[in-house]
Each structure stands twice: as structure tokens, then as C-alpha cells.
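Scroll down for the structure; my scribbles are underneath it.
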């Protein structure tokens, strides 16, 4: 499962002809070997999106030089772009409350090497998961959010943001973190805060979605992994899935089925994000799987 | 695929102990052979639901006598119940507009013998499907709904109700009928008007749900078969399903994927209804598959 | 998620009329409150199968007395039957090799209370999972199987059987245990050894099924949870599922997708087994979900 | 749903760097506007595969000139390639026996404009579907295959091949055609004869797969769309899918569920083939969806 070091180039720019030729021409000119290539045109926005994976050892220079040499071409096409190096693992700061099914799943994928990231710390507003997290050798940080006093809440979120910055987090993962982030925090890290919501959005926004689903009598339930914006449960959707239920299932059964689907949907969404497969266009995502 | 004649007994009553024993005791006492038995307790409503299929030839009397003999027991338990005879096919009156994918699917299941019903007529507000319907030997009735004049619309719906009654319809199937039924019509046939809505309800109620889904950037789309009530797209759900899409799919692609899922969801919902597998409890359904 | 104590009665006997009435009559006579009831007739075998869940507190006697009183009726109908008490948790002895995704999933469900069982020990032919298992407070027992000497292997399996008996195991769970059990061991615990095989059986029996699937170019891969018999990967199937792959997926990708489906399929199969929902008929299972 | 005319360029060649740049450079040089681009490297075979869709009106020449100008580049890279023009619809010759669910589905997609092909004729070894096919204005040709005399069978297949050639068929679709094609016929049209097999291959090759599945007690059944080769049910797989069944389903139920999945799997497979999305590599397919 060792994958050779690679650079991932993601680009978005106004659509026109010749973009693929220019970019792949640039890569070929330097002997670059493309291992994966994906393209998409967003028709309404008239924007083009692309993602290239290039074997690092096929290029005669490093990522920094790549960026310097590529910049003139990128400017010509008015590109927003980035080049990442698989040798630099992304740093995920994980937030949880009491429930640990998503955390357990995420940490297993991490320790088995399936999810190639660093986890500098896990932050929680409860203490119950300390021992499990610390068994992994990962620092566990408790942030008190028990008080309903707004100033106290605000302090707690300031603390969380400070911890995220101090640990140089690339992404903040809300792995069933049952507190609503304040707007300033959502706006501070656009496209970098990832939540798992336990319903098939846009159905059943907000609290107790499984109970809402039970009351409505739906025949499938779902989960949604999305980027957090300052509108609750309304950010760009990265991944979703559903599972069949029936009239015999109680709300507790829905919660139980839901846990399994939350785990897989969050894991897939995280994988796409970590591998730079997700590009945002307005309130939608392009996911180059 | 010939299935022996059978009686189907469906019951709902307040929950208490001894119901199954009493009903199956009654059937056994007369030598009845149960081929399928399903039970459910709706916890909130404290109501019990059951469905029994009995081989008709195992009983020494006909359905009418069964009903007479069973009545005292049913009264003891305060049951709402019915007994149907598979020899009496249900009569489905089908309403369509221009699109024929659900109609084609339904008529194929009917002519192949998979769907054991009678179809006394197909009613449409367009003419384009006349030849196809008539090839099947089924009367095609055009009802003009082109005018936006409310009185004209009302006349058209009066005509539809009259046709339904005249053809002794058991159920009215809206197989992509693109007109909203007036409340009086919904209320006149409770639990007997079946619609296929082209979204995974409760998401995307109303018009152009695939375009709504495209705008929201969901990663799966769905379809919902439900009983029609006077609140738009809010009646008891019989069956639903979803299918995966991605960022490369246009609204037209969603419409195309959607057709396939509409066909299967409507077909399954109809089958459950026709075989008396659907019991309604408030705004939810129990579906004894 | 606390569920009231209940008795589960599972029965199989030759099919005839009156069985349901007799059994539910017996339960009703003693005031028993049935919370779940399932029936099935296996047509070819002409055998009847049933499962009843009864609220323990609705009966005036304990499980032992139930068994005594029920025996004459069971004998009349020539029943094979058992009554279990949810207060007596089943004891699962878990066998693993090096890979821990199924073990991690299983232990999480156990410690969260979702899987209501006792796990007296985990047995492995490797040492790498000791710390993780012991963190849970569960004894970890290493059985050396590195030698290819048949006598040594045989000793190891004798040891495993002795451990299973000594820990009073109800079921032996092969959670990706990469050793083939000898026939005598399979025969000693019929319907009690549960395996997860990493293919959609009967396709790709034996070693490296994901590589076999890759070579054949299938478009979905799967996993199968089954009872172990002395014929390799051919025992009664409890649960299966599949997941879509495509041409871009390498064998390593298939292994990764496969892990997720192995976990869910094993978890579902185990749940059905633990809740006495699985009845075996020849080489097939009836699963009363 | 009108899609602008486009050229589809499909290529396979030995893998090396610079292929994408060369091809997209060629297209860009002539002002070509790429609307869809897909790439794949088959690692074991060390071969590269690509598919480009180009808006026809963006190029200053027609398909024939494109081919001439592209040939030198193609030769340089040792490419096997083709360019198709969406204005030239593919011609599908459809073979059926008695069952019509796949035929009905296919003809509905054809007459609704979803499947953009010509159907010059339908060939059958039975007469029962004549009226339905002819209602569509498509010639129905009966070929007698009732005799078990080998010479008579051989004549029938010679007749079928002659009809296919005479109608200038691009692909032969076996839409539940229950006769085994002779090896010479399979070899004559490699990658052009498409079958729907009613099992999840490689499980349950040959006759009565649903009954085989029932006997084995599997928990899902499936269908497979594949290119026909001279080894029975062993050709390159284009598309597959599965559906859940349970112990209560009879072989007749499996047949019924199966019909729905056969229809969708064949429809998807055909669509991929017709849109030149399927490239064959050994006994596997690359499907650029």
C-alpha cells in the first residue's frame, strides 16, 4: 500500500479551449508522468476545474520550483490553483463530544495507515474519551462548554480556534461534535471545517434528525458530510449516503443504523478532502473520485 | 407463477396481549392454512397491526362467510379490518400526462401478468399516449386541462372523479400526472390515490425537484411513492429509493436517472398496495413486505 | 437504548396448520406479551420456522418453567426449539490474525453497548493486537501457528478448542482469522463458528479473493458472513453485501473498500446470530430481521 | 435534451509520458473544445486508455479530415484508436426469445429518445412479440430454432449473421435471447455482441441462475451485462448490479426481482457501449462513465 510520492495540482479558472493542452503540455515539457487526471466544466458558472496527480520522481525539480515555473501559465488563464506534495501530510484537528463511533472509525483508519494524515490533537467538551485517544499517543484536550453563559461559550470557541492555529491544523473535523460553531469561526476557515450531519440533507436540518425522520415515516435515512458555513447544515455537500429502514425500526434503531452510515460517509468525505479531490464552486462541490 | 387463491386479512386494533392467539386460533379452528403472517406494534400510537394470508382452499367457507364468522371476534378487540380475496383483482385507474416511462413500466408488468390487476381505463390531459394505451386494448380517455380557468379545471377534475367511480376504481394511480389534485378529490378517496413524486421526500417538495436537487448539490437523488392527501407531497410514504449522482451530471442527467428510480419505486409501492401489504397509521405506513 | 428483558423462542417443525395458533395460544394463556413475531415456511423442505420475542415480565414464571410447560406442546408438533433469556448474554470468543478492522469494529460495538455480549477472550496467531485488546480489559491469548508442521498446527487448534470450551464460548467469531480450521473443529461446533469471507460467495472461494475479483474485472465486490462447515467457504450464508468499484481501482483499493463492507456484513451477521434471528435449514439460513 | 453534435475520440496505446499533452495539444491547435475527458492506465498491461468528447462545431474540419490529420500522431504513439461522430447513430440489431422485459425497456428508451440509436430489426426464435415490435414500426423477423437438429440450428445462426450484416448492424444485443451462440459467431463480431446474463457473474454461469442462487441461499442476486466471447458467460464485463432478497423469496420472486435488475443493467451497459465509453483490455473493460 506504499504509494509513490506525488504532487497534486488542482485548478479552477474561466472555461475556454486549450486549458488541458496548456497544463498537460507544461507537465510533459518537464517530463512529468501523470498518474491521474480529472476535468469538469461547471456549465452555469462557466468555470473549468481540473486535478492532476504527477509522480514526484518524474520531475526534475521540487514543488517550490514547480510553483514558480507554473505561475506565468496560471496567470495567463486567470487560474486559482494549488500544488500539494503527498510527503506533507495534512494535519486534522478532531472535535468530538460524547459519542465516539466516528472517532473510533477515524482513528482506526489513521493507525492502520489507510488515512495518511497527522492528528496533532483531539478536542472534546467531555472527558469520557480521554483514555481511548491517549492510548493512540494523541493529546486529548478538554474544553469546558457545560455553561450556557454566552461569554463562557465564546471563550471556549476562542480556545478551540487558538488550539487549531497553534497545532497548525489544515482541517477541523467535527466528528459528531454537538455544539454549533459561531459564525466568526466558520468564516475564519472556509472550506476547512468538515462536519458529519446525521441526516440526508436538505431533509431534517438541526437537532434530532433521526427522530424527525421517524416522525415523517421515511423509508430510508442518510448522512451528509459537508463543509461548514455560517448557515446551519447548509454548506457545500461533499458526500452522502442512505440506508433502508422500515416500520419496525424504532428511533433507537435509526440511531444505530445511522452510526454506520455516518462513519462511512465521513470517512469517504475526509479521504476526498485529504487527497485534494474536492473543489468548491459556489455552494456545490466537484469531487474527483 | 400461478399462485393459489388466497384470502388476505388485515387488521389494526388497540394493542394488548392475546390478539395473535385469538386470530390464529380462529383460523386454525376452521382448518385455515396460513401462508404468510406479519405483525407490528406502533409504540407511540399503542396500536397493533397484522396481516395474514390464508389459502382459500383450506377453509370450508367463502370470504363472505369468513367475514360473518369473524365479526364477533373483531368487535371484541375493537378491530378495523378487512378480508380480500385474490380472485377479485383490484381495479386501477391510471392518470398520466405527457411522460410515459411510469406508464410503460406499469403496462408491461400488467400484460406480463406480474401485476395482477385490472386497468379499466387510462386518463390523460394529453393525446400523445393514446395509440400506445389502445394497443393494449385499454380505453384511453382524454380530459382537457389546457385552460387555466379555474372553473374549467374544476370541471375536468369532476369528470375524472366521475370516470373513476363509473369504472369502479379501487385505486387512482398518478403515474407522473402533472396536475395538482384539488383537496376535495384527495379527501374523497383517502388511502386510494397513489402518487410517484420525483424526489426523496421531504426534500424538494413541489415543482422541478431535480432542478432543486441540482442547485443544492446533493450527491444522491430519489423518488417517493405516497398516498395523496390534501397537503402537497406530504401524505403517508409507501416506498422510496435513491440513486447516486455526481458533479458531472446535468439536470437532464438527473431527470434521466430519476426516471429509472421513479419506475421501480412506483412499481414496488403499487405492488404493496395491491397485495394489501400497506396499513396506514396517522401519516405513516406499515408495509408488510 | 435499554431494552426490557425478554425471552426469545425459536422453533422449527414439520409444516402443518395450527402451529401458530397453538404456540401463540400457549403464550396468551399465560398472559405473555409478544413484542416480535416472525414465521416462515420452507417449501421444499416442508418445514415451518418461527421466532417469538416475549416480554419476560409479562409471564408469571421464569425461563426454566417456561421450558417445562412448553415441552408437551413442542413434542406434539415434533419441534426442534429453544428458549433464550436476554439476561444471559452470549459469550463470543473472537479469533483474529494481523488485520484488525473487523476486531476494532466489533470491540467498539461491544464497548458502546450496541452488541450485548460477553467477550471472554480474544485469540490470535500474532502478537500485534495485544495492547489494543488489553486496553479493553479483555484477555488476549496468543496461539503460535507459525510452524507449517502439521502436528504443530493440530496442537494449536486443539488449544483453541480447549480455550473455547474453558471460556464457555457460545460462538466462535473468525474476525479475519487467516487460518483454515480443521474439519473436526468445524464439526464440533455446528452453527456456532461464524466467519467473514472477503468475497461475494459463491464467487472467489479461498485465498486472495480481491485479487481474483480484480483479475475477473467484476464491477462490484462483496463480503459474506457465514457459518463454517468442513467444506471451505461453503457453509450457510447469514449475510452478504456488495459495493461498486470501477476500472480505476487497484487491488489495494479493492482491499480498502472491502474492509468497510467486511465490517458491516460481519456486524450485521453477528447481531442476527446473537439475537437468535438465524435458523438453519440444510445449507441455507432463515434470518428473521 | 438535445445535445450538440460531438466527436468522440477513443485511444489505447503503450503507456508513456506526454500522451495527454500530445492529444490535447492537437485538439487545441485546431481550436477544438473538449466537453469530456477521461484517462486510465492499466498497470499490469502497461497500457494507456483515453476518451475525449469534442464539440463538432468547434473544429474547422469534418471527422474524415480529423482522422487524416490525427493519423501521424497516432502512429507515433502506436495507438489503436477511433473517432466517432454523434450524427451517425449506431445500429443495434436486437435478439429476443419469449420474455420481453428487456425488449420493452430498450424500446421505450429508444422511442423516448433517451437511447440515441437506430434499430433496423428485431430477430426472435418466437412469434409472440411480433405485434409489440411492429407497433413501433420496427421490422420483426422470426428465425425458426425449434429443431434440435444441429444442421438446422447452424442454418438459423447463419441466417442471423446474414441479417446482421445485411442490416449493417453495429452491435448485436441479446436481450434475453435464450440460445447459445456458436463460437464462430462470437468470434466474428468481437466486442460487438452484448449479452445480459441473469446472475452476478462469475457466480451461477449457465442455465437457471436464479434457481442456482436459490439453492445456494445467497442474500443478494444480480445481473451482468458483458461482451460475448466463445467461452460461455465469461466475456469482458461491462456492468453489473445486485439486489437484496431474503429467505421468504421463492425462485419465482427471484425471477421477478431479477427482471428489474436485468433491465437497468442492460440499459446502462448499452448506453456506455453506444456512447463509446467502453474500452476492452484483455478480458476486462475500462468504462469511462
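Order as written gives the chain letters A, B, C and D; numbering starts at 1 within each chain.
The rule we apply is simple: a residue touches a chain if its C-beta (ideal position, glycine included) is under 8 Å from a C-beta of that chain, and two chains touch if they have at least 3 such contacts.
This structure is a prediction, so every number in the text was calculated from the model and none was measured.
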| item | value |
| --- | --- |
| Same vs different contact residues, subunit B with subunit C, by half of numbers used | same |
| Cα superposition of subunit C on its sequence copy subunit D - rotation in ° rounded to nearest 5 | 180 |
| Label of the chain whose CA centroid is most distant from the centroid of subunit A | B |
| Pair joined by the larger number of C-beta contacts - A-D, A-C | A-D |
| Centre-of-Cα separation between subunit D and subunit C, whole angstrom | 41 |
| Between subunit C and subunit A, distance of the C-alpha-averaged centres to the nearest whole Å | 36 |
| Sites on subunit C at which at least two other chains make contact | 36, 248 |
| In the complex with subunit D, residue positions of subunit B that touch it | 1, 36, 100-101, 104-105, 108, 112, 114, 131-132, 135, 248, 252, 256, 259-260, 264, 267 |
| Subunit C partner contacts - residues on subunit D that touch it in the complex | 40, 42-43, 200-204, 216-220, 222, 236-242, 246-248, 250, 283-287, 289 |
| Complex contact set, residues of subunit B against subunit C | 17-18, 20-22, 24-25, 27-29, 31-37, 39, 41, 58 |
